[in-house]
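After this come two complexes, each holding chain A, first together with chain B and then together with chain C.
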Partner chain A sequence: MNILRLAWKNIWRNKVRSGVILSAIAIGLFAGTFLLSFMQGWILGTVNSDIKTQYSHVQIHNADFLANYDVNAFFMREDVENEIRRGVARNAPTAEIAFRLNLNGMLASPHNAIGVTAKGVFEDEEILVTDVWQQIPDTMGVFLNDDTRMAIVISSRVADRLRVRLRSRIVFTFQDVHGDMQSIAFRVGGIYRTTNAIFDEANVFVRYSDIFSYTGLPEGAVHEAAVLLPDIETSNIVAPQLREMFPDMSVQDWSQMNPALSMYFSYTKFMGVVILGIFLFALSFGIINTMLMAVLERTRELGMLGAIGMSKRQIFSMIMLETVFLTLLGGIVGIILGIAVVLPTMETGIDLSFFMEDQFEDFGFASVVYPILNIKMLAEIVVLVILAGILSALYPARKALQLKPLEAMRQ
Partner chain B sequence: MKKLKFILSVFILLVVVGAQNFEPLQAQTLTATEIIKRSDDNRRGKNSYSEITMTIVRPTWTREIGIKAWSMGTDFSLTLITAPARDRGQAFLKRGRDLWNWQPSINRMIRMSSSIMGQSWMGSDFTNDDLMRESSTVNDYTHRLVGTEKVREFDCYKLILTPKENAAVVWGKVITWISIKDFVEIKSEFYDEDDELVNTINGYDIKSYGNRRLASRMEVVPADRPNQKTVMTVVKFEFDIAIDESFFSQQNMKRVK
Partner chain C sequence: MQKIIEIKDLVKIFKDTAQEVVAVDHVSLNISAGEFTTIVGPSGSGKTTLLNLIGGLDTPTSGSLHVDGKDISLLTEREMTTFRLHHIGFVFQAYNLIPVLTAKENVAFVMELQGRKKEEIDKRATELLEAVGLGDRMNSRPSKLSGGQQQRVAVARALASKPKFVLADEPTANLDSKSAENLLDIMERLNKQEGVTFVFSTHDPRIVAKARRIIALEDGKVVSDKSV
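And then the complex of A and B:
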């Protein structure tokens, strides 16, 4: 106990030196905390927005569908709907399910033609599962829920490439189940824009009822069932259950639909720790330097302490404690600073678009980042800080041990 | 005397009525739709064989492609590229609504999917879709005759075609000039829905092929790309040739010369 107090007092004997190293640690940890919560927020934001607009948590297809998105690889809605609802009811009673047709084809305007996937949706259930409808600005129409005949919802990126506007006529051409080409005229009923350019350029939405009769599919056929669950954790429970219930179908969760994204997800977590480690590694040289100076400066004093009966173990722990206190104090100040900066931006987000423009969105990353703080992450940081303190104390403390009390006192 | 008077009056009546009827008669029979139909029939033979040179003109280069084409009705056609050497032997087969492409250089038969229909055909100003789909000028549009106009040296009917609401046509409207004498399409302008000109097709050098009159040279000029066009020059056009469905097969694509 006395050693604790002694160590604490020793830190403040040279205020400038301790202050400098304290600030260095504080700034390093502030940057580390901020960076970690920023990176986590970024990747989680991207994952969640991808889940909300594109993948949902779980998708179910005919087992043959994913091989080449064959229009013939359909399943009957009535065959699976009740089972899916039963399957998710236990763990996620609030889950929403949307069924869709998925038709690959060409969208043509007078100026251009591009390949797209047309999703034939039931608009009422679609708006509960995906948020594309929320990405339509007020002046840009609606998500199929008005009385526009043969409405099609496209993204602003597609609209630009086709050089069309709201109410323009565009023609969608695709192959029906017999392999025959079907061309259908649609009117642009809504123009959306998500943060994911890749998604925007590939997906258009039409009413199931409008496009169904052209497909040649049997009544009630769909290609895709998308299930939206409350969160990723629930998805990790429900997806395997659904997989068991539908052994003959393809049941994928978001991480299987986008392995790259799920890889980024783990990678970012890992990289955060690595970066923080590098920060602390660099800082520990500063700590070693400071403590070494403290020890060498106090050679006489340490010799005296030894001479009046302080054991080597006590001297060792005193130096150790001084270092850990210094590091921990700097660390805590840094973390508090970090939290202070992150907290207000957690709600409003940090807009990166002003210096990166759409570059992130072109790769499917959101350009507004909402940083995330969690206890587990903060605990990890604190543990890392203590570890760094102990490791960097070893060398100065060992130096102190090597002092022979008599020789030291004579200096 | 009475009888003579009667015959005379009948005669006069006939002449007067006939004279009155004669001029409007022609205008009546040639409604806008009929003009389009005659021009369409003129172009479309039952079976035909043609040799065409397609010249792609770009600001910095031009390229000539030799084409041989066989067709049967609107459902079957086989197109063979004969020049340049690099593309020789490439063939396109249309059967009903399917389009196939034979690439001898990689020894592959490719089924052309709907998603690539919008791509340019052989680098020209035509898309695959233009060749594939015979969007029917007769059925997909409502036709309106707006008068006659002289285009270059030809007296033409000027017609405005507006696509029917459900027709799978991208254009906002098409203005077409059809020669009064031969029912040959002399010029067509394709507009988007904002009445902005997108493409112009011009027909030149009307020639007789069998009992038909056709423009032997056609130019496609995209409006928004200056110094760029595609010219199709007819070298040979034979109608009503003897050909049957078996000619339009994948096997034949590989060996046809």
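And then the complex of A and C:
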């Protein structure tokens, strides 16, 4: 106990020097905490917004569909709907399911033509699963739920490329089940814009009831069932269960639909720890330097302590404790500062578009980041700090150990 | 009187690259409980070396050294540290005290290392500081004390562990003559009243005059040993 107190007091001998290293550690950990919560928030925000806009948590297709989006690779809604609902009910009673036709084809205006996927949706259930409808500005129409006949919802990016506006007529051309080309005239009923440019340029929405009759498919045929669950954790439980229930179909969760994103997700966590590790590694040199100075400058005193009967182990522990205290103190101050800065932004978010414009959205990343703080992450940071403290303490403490009382005092 | 230090044919040779220095040259002497003994001699005569050997801070080249009947040259470094903690009190010329601790905490520190009970530590530290005339400066840090006061704290600290004897290598070297005399008076009183054994070295003739036994060294040899 007395060694603990002595170590604590020793930190404050050279207030300037301790203050400098404490500030360095605090700033490092402030930056580390902020960076970690920012990175996690950024990636989770991107993942969740992609899930909400395009992937949902789980998608089910005919086993042959994904190979080349064959119109003929359909399944009957009535065959699976009840079973899916039963499958998710236990773990996710609030899950929502949407069924769709997926038709690849050309969308043409008098000015231009581009390749898109037209999703034939049941608009009432679609709005419960995806949030595209929320991304239609007030003046830009609605998501299929008015009386516009043959309505199509396109993104502003598609609208720009086709040079069309709300209520413009455009033609969608695709191959039906018999291989015949079908051209259907639609009227732009809504223009959305998500934060994901890639998604926007590829997807348009029409009513199932409007397009179904042109496909040559039997009534009730769909290509896709999308299941929205409460969160990613639930998805990790439910997806395997659905896979077991539908062995003859393709059941994918969000991470399989976008492996790159899921990899970012894991790597961001890992990279955060690596970056923090590098921060601490750099800081540990400062810590070692400071403590080495503290030991060398106290050579006589350490010799005297040995002479009056303080054991080497006690002297070693004292220097270790001093170093760990210093590191931990700086670390905790930094983490608290980090939390203090992050907490208010968790609600409001940090708007990157302010200085980055659309660059993030072009690559499919959200431009408003909601940083995330979680206990596990903070605990990991604290453990890393303690580890760094102990490792940097070893060398100075060993130096103190090598001092012989007599020689130390003679200096 | 009971012999607490028995030295026979003690030799300490320092081997430099160039030459050998025989710092302690076949010294034999005994010190008994309750002595108030000084070791004198010109600079380089081996006073410090001899005190360091007796205090177990250095190991002899040859000869034997028994403290309380125990051959301390046989102890390992770790055992020696423990031995010093429990049996020997030290007063050095300078750097005796831990600067971040108060006078009382400095005195208490050795007893804490010994693992004594808190109340006992508190009581003894207070008593000792009062005995060296620092009852009113117990909560001062060393930097707030004069050199003489610091050395008095060091004496109190040396006694705190209830050692067999106290070794003091030129404890007054950094003090003005008045403080030096004052420190010696305190040591003398502790010796008389509490029976503490003191062995100290000095250059100062006025300090020498206070000792009851004077051992004179020259070139590492005992040249005279007088009891007053």
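We adopt the following convention: the second predicted complex is superposed on the first by the 411 of 411 C-alpha atoms of A that agree within 3 Å, B and C clash if a C-alpha of one lies under 4 Å from a C-alpha of the other, contacts with A are read in each partner's own complex, and residues count from 1 in each chain.
Note that a residue touches a chain if its C-beta (ideal position, glycine included) is under 8 Å from a C-beta of that chain, and two chains touch if they have at least 3 such contacts.
It should be emphasised that the depicted structure is a prediction, and the values quoted were computed from it without experimental measurement.
Judged by the touch definition given at the top, the superposed model places A:63 against neither chain B nor chain C.
In the superposition on chain A, contact is made by A:12 with chain C only, not with chain B. Of the two partner chains, neither chain B nor chain C is touched by A:202. Applying the stated contact rule after C-alpha superposition, one finds that A:185 touches chain B and leaves chain C untouched.
Within the superposed three-chain model, A:2 lies in touch with chain C and out of touch with chain B [touch as defined at top].
By the document's definition of touching, neither partner reaches A:341: not chain B, not chain C.
When chain A is checked against chain B and against chain C, the one touching more of its residues turns out to be B. Shared-chain residue A:168: touches chain B; no touch with chain C. When the two complexes are overlaid on their common chain A, residue A:31 makes contact with neither chain B nor chain C. Shared-chain residue A:405: touches chain C; no touch with chain B.
Contacts from chain C toward chain A in the complex involve residues 52, 55, 57-58, 78, 81-82, 84-86, 90, 92, 95-96, 98-101, 108-110, 112-114, 157, 161. Residues 1-2, 6, 9-10, 12-13, 300-301, 304-312, 314, 405-406, 409 of chain A touch chain C in their complex. Those residues of chain B that touch chain A in the shared complex are 96-98, 113-119, 127, 129, 132-133, 135, 163, 165-172, 190-193, 198-199, 224. Across the complex, chain B is touched by residues 104-116, 150, 163, 168-171, 173-175, 179-181, 183-185 of chain A.
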